[in-house]
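What follows is a pair of complexes built around chain A, which joins chain B in one and chain C in the other.
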Partner chain A sequence: MRYGKYRFIASFLAIPLLLYVVFVVSPYLQAVYISLTDWRGFSPNRNFIGLANYAELLGDGRFWRSMWHNAQLLVVVPIVTLGIALFLATMTTVAGRRGSAARGGVRGSRFYQVVFFFPHVVPLVIGGVLFGFFYNPEAGLLNGLLRLVGFDWLTRAWLGDTTFALPSVMAVLIWIYVGFYYVVFSAAMKSLPTDVFEAAVLDGAGGIRTFVSITLPMITDAIKTSYIYLGILMLDCFALLQVMLPDGGPDGSTEVVAQYLYRAAFTDGRFGYASAIGVALCLVTLLLAVVVLRSGRRDRVEF
Partner chain B sequence: MTRPRPGLDRRQFLQRLAAAGLLAVPGAGVLSACATGGGGPTTAAQGDVSAKNPLGVAADAGLDVVIFKGGYGDEYALFHEELYKKAYPQAQVKHSATTQIAQEMQPRFVAGNPPDVLDNSGAQKIDYATLAAEGQCADLTPLLDAPTVDDPNVKIRDILLPGVLEQGTYGGKFVMLNYVYAAFPMWYSKPLFERNGWQPPTTLDEMMALCEQIKAAGISPWAYGGTNAADYVFDLSLGMSVKQGGPDVAKKIDNLEPGAWQQDVVVAGVQAIEEMVRKGYFMPGSEGLKHTEAQTAWVQGKAAFYVSGSWLENEMKGIAPPDFTMTAAPVPVLDSGSALPVTALRTQPTEAFIVPARAKNVNGGLEYLRLMMSKEGASKFAELTASVPSVRGADAGAGATPALQSVTAALDAAGSDVFSWQVNTWYVNFYKSVLQQQLGNLLAGRIDANTFISTVQSEADKLAGDKNVPKFQR
Partner chain C sequence: MSIETPAPTAAPPRRQARPSDLGSDGPSAGARTLNGVSHGLLVVWAVLVTVPLLWAVLTAFKSDREIFTSPWSLPTEWHFDNFVRAWTTANIGRYFINSTIVVCVAVVLVMLLGAMVAYVLARYEFPGRNAIYYTFVAGMTFPIFLALVPLFFVVQNVGMLGTYHGLILVYTAYALPFTVFFLTSFFRTLPGALVEAAMLDGCSHAGAFFRIMLPLARPGMISVGILNFLGLWNQFLLPLVLMPDDERYVLSQGLAVLAANQGYRSDWSALFAGLVIALLPVLAVYVAFQRRIQDGLAVGAVK
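== the complex of A and B ==
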């Protein structure tokens, strides 16, 4: 019986597994192999050069600088995005009171839900183009608004300023992603059992106390998953930057690893080196997932 | 809570992953061999050579043409394909137009299945130096020695405009036909200048004086797109330097000679830009604009001058006001003792057409290029794109626009005094990540001319010693 069961399962898994190996695993392995060669990408000629690409990568200032930009994105964007999303989800899902003990959103929650989700419907590339106009130093909305309220000293060439270019891009990313995580957190909060909240109300807990002691611990998994997911997006970040600042921003102040990789492959014709960058990026991504999943591991609350 | 975990735990998972990895590694070579391996040289189609068919085209062989559909569109290519079909009615001509040249063509080159004609241009073009160094381009010498379509006594090489041969030669072999003859002047709106009584300057002093007047009139003297096209201003800076010191100034830079960027005239050109920045001659906020946004501000009259290639009018079609009358003027000289006359112009043949070495129909590809250079083919191109093709005898007829007329006049005035540099096509990465970036810093006032020169020189020295980058000499 046992034997038969495994054969049964194996026969169902064989084809998907084969597809997975061919289309998912093999490209990764090829990338690793290519990263050990000096392949230039436009002919079949390539030589095996061992770890030379990786050795070069270690001493490549531009690579580390791009990595640093990704690191900044990785810290700032998820924290702000998830923070705002949590706040909005709490407000529209559990912060209001309905009757004596039941909870619900504040007035007009359904309207807010649509409004908050809206930016996520806009494709990333369109968002980039829109915000390009928004930040336009002469005709842009942002400087226009600042002048209107008399804050002329704040106006600047946002995307042309080494200090403000990366934060300007971060703002766009936050704008785009808040809506999605808002929906994720709202759904997680809606599935929480009402009796716990009723008990909290009876015990006299206020809104903030309820959030810190009940809501937050019970949706930790959703937050962690969101952080990993958003973190992976921040380690990539190619599309938006390629639209807004295709040449790495003022003095290279916004170039990210994915753009550097792209340039190594398609401008420089060094696919071997580009693959090495890709493999390094992949390792960093895996590391991120492991660290986040391990952090604050504890028993799951069952309800 | 000691609830057994369903499925694998992480440790087991990692162990099995490692085991799978070890098993799979020997297979990796096989796998990548099928994805990145390629066929050997193909046997190209061959026909009989005759007076009507000097390149030996096989009349029934198909022709696969890939066109970069950018500023010039692809209508002109459809016309050229019609010419080919007229000459070889049995041939199937396949036309594709794209902007993603490198991404779409890369797998085809690797697999040994490239098109027969490739217009390798635009922002996503395949790096020329790589393509040439990898031996992927057919030698175009047979084309140069073939007679023109219009006159059997004239060879193709005799109708090419100056610079086309040099531009397409890599490592001593002519492999790229740059079909468009781009000039890089300063641009202004003629009516605007006439209204204000301004004259395009011929020396740096005149330019500084004019900039002061323009600024006093309440508009910015210059605009540029700092987020992606600060390098356009090189045409002003290095252009002035080369006119002052002669073509060797640029040659030294291209050949990565030690101290090339420290030549006095080059330093003077960069210092001129620094002074213009200090005096506020560039439109405020330009460092945060894309080239398209900067150009738009310029045609809206917010700035007086813009420097760019001769595709500018076509690019701003429909955005510039109808009475803008875009007009070209050569960049000034540093002072009256210049090596080249004021009328000298930087020209650079662009829009590189290649015939891949492993194309199935190499002869057909060469023949297609020959037809492109016929009077009929070239004139139609000029008419459709308002641009100058890089062969003599093309005539845009009645359709000539103000910008095209002014470029043609400037080219006539320049005569043989045309110059160019190759550093932007030979060392794209250096050009973008060093020159463009440092020029952006200079224009935004983040660095001064001295820092610019020392940074660029040390990066150029580094490049000269980098064995990963194929080198060229002229």
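== the complex of A and C ==
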């Protein structure tokens, strides 16, 4: 044991740990306690009321409606996003067959890699403002395009329509996130051993067959991790929705739990109740992770 | 995994029937059509990704009237004054500077503190090491929403609500989990022999870190630093709650307010110019470090 080791460790950990405990750990712990109180507004009174907030939450129609919107996002967005990402990644990393290598992307893969990822670095707020205008009934690019090709009957106020508002937002989320998962899947596919692909080609397997029998089973773990990661993001969605549809959409048709929580806390001043919403949201997140990780568990492919 | 049945599409006899294909892989006509369609889809996605962004840039140069009358045309006259108006009248300049101050200081701070924690966790044995590591990693999984209400009061109680340093410290604290997680595994891969040699020569623990390990860790530090920069530049929720003073709004906040106010003031051209200004640093960082960002993300997400 060298002299001064513990003093050194302590001196390196002290400040970061202090910062982390004060601004991250303590708020999370306090949130659980606050959710058990009736704290309202900025008054100092807060009484312990046990699980009353949670009981109220069970009968709160607005909470369940926003949860339903999150649930829709949770199912639709990851499936479409991961599907598109898988397809694009397969095309640019393993679909091209250059001679005996049996792997490698189609022509122009490098270019696609740069372009596809770009939406992911665009800040969400910028994406929100941009697409809010994209869907604008008079000046938006979408209706403009529809008029240009003579599909005038299809034009509508996309974000002002209770049926189309949420799907319109989903399209933006997919646009933003495909690039990230494209990169993740490309990396996973590049790390697969080449000999399996060579064997497949020798056995005469076509592109689709190779994908279903080889690529897909070998990157299942990456897909599951991605689903959880994207799922957690879909339980949030605050920034984009708050910018595109700040009032919760037409007739509240796009309000998500995060927006409801934000309003309960900082508009209505119901801190106890808002914290209960936060804890509920957190439990759903953990539940999602457990369900996805345990689903379809089978022998891992070793390579 | 079995791949014994050969797919009929690419059977050898057909290949021999076309001499032009000899020497290459020679896909069948069906496979070739499929390949053509797939390649077409890559192009379609690339167009879908780029068009909205190019449209934003072009729109930033149009007059308000033009934005509303012809969304698909090029600007007839290039209005550079939109950018001047956005920078000064719409306050984008001030927000830009606020963002730059907060994000740059926070990134430097989180890189320094994160590297210190990660180094100690990766290379020293001490009681409580695993507990500290998992406390940090847990910070990546819980939604920020849960902490929101208490965090507001913590920041208020230490008198940092609406200040630069308050936001900087909170940004730093919330960026620590990812930074520590990533850098810990990175420091584990570096050779320890160099440090031992330096310490035999009389170097202190801290000296070994700053003079040897930190320079060695540069590639990892740069990757994490870029990701932190993009993530914090993108941040919307934390400033929304912790920065109520509109003099010190960060860019995402300022743009959201500007977009929400357009209904009354309708200076759309300045708004679009503001979007482009806000996008420039992100674009610059992305173009400069494109490959590094993608590698860093892939490692962080899959492992």
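What to note about this one:
Keep this in mind: the second predicted complex is superposed on the first by the 273 of 303 C-alpha atoms of A that agree within 3 Å, B and C clash if a C-alpha of one lies under 4 Å from a C-alpha of the other, contacts with A are read in each partner's own complex, and residues count from 1 in each chain.
The rule we apply is simple: a residue touches a chain if its C-beta (ideal position, glycine included) is under 8 Å from a C-beta of that chain, and two chains touch if they have at least 3 such contacts.
In this text, all values refer to a predicted model and were calculated from it rather than measured experimentally.
By the touch criterion defined above, A:F197 reaches neither chain B nor chain C.
In the superposed model, A:T267 lies in contact with chain B only, and not with chain C. By the touch criterion defined above, A:S43 lies against chain B but remains apart from chain C after alignment on the C-alpha atoms of chain A. Contacts of A:Q113 after superposition: chain C is touched, whereas chain B is not reached. Put simply, more of the residues of chain A are touched by C, taking chain B and chain C as the two choices. Touch criterion met: A:G160 reaches chain B, while chain C stays clear of it.
Contact with chain B, but none with chain C, is seen for A:G252 once the two complexes are overlaid on the shared chain. When the two complexes are overlaid on their common chain A, residue A:I34 makes contact with chain B and with chain C alike.
Of the two partner chains, chain C is the only one that A:I126 touches; chain B does not reach it. After overlaying the two complexes on the shared chain, residue contacts for A:E138 are found with chain B and with chain C alike. Common to the chain B and chain C interfaces on chain A are residues 25-27, 30, 34, 132, 138-139, 246, 266. Chain A meets chain C in the complex at residues 2, 4-6, 8-9, 11-13, 15-17, 19-20, 22-28, 30-31, 34, 84, 87-88, 91-92, 95, 97, 99, 106, 108, 111-119, 121-126, 128-134, 138-141, 144-145, 148, 175, 178-180, 183-184, 186-188, 199-201, 203-209, 213-214, 217, 222, 225-226, 229, 232, 235-236, 238-239, 242-243, 246, 258, 261-262, 265-266, 271, 274-275, 278-279, 281-282, 285, 289, 301. Contact residues on chain A toward chain B in their complex (touch as defined above): 21, 25-27, 29-30, 32-34, 38-46, 62, 132, 135-139, 143, 156-162, 244-252, 263, 266-270, 273, 299-300. Residues 1, 24-25, 27-29, 31-32, 35-38, 102-103, 106, 109-110, 112, 123-124, 126-127, 129-131, 133-136, 226-228, 283-290, 293, 297, 302, 428-429, 432-433, 436-437, 440-441, 444, 446, 468-469 of chain B touch chain A in their complex. The touching residues of chain C, counted against chain A in their complex, run 1-4, 6-7, 9-12, 24-25, 27, 31, 34-35, 38-39, 41-42, 45-46, 48-53, 55-56, 59, 67-68, 70-72, 113-114, 116-117, 119-120, 124, 126, 132, 135-136, 139, 141-152, 154-155, 158, 169-170, 172-174, 176-177, 199, 204-206, 209, 230, 233-234, 236-237, 240-241, 251-253, 255-256, 259-260, 268, 271-272, 275, 278-279, 282-283, 285-286, 290, 293-295, 297-299, 301-302.
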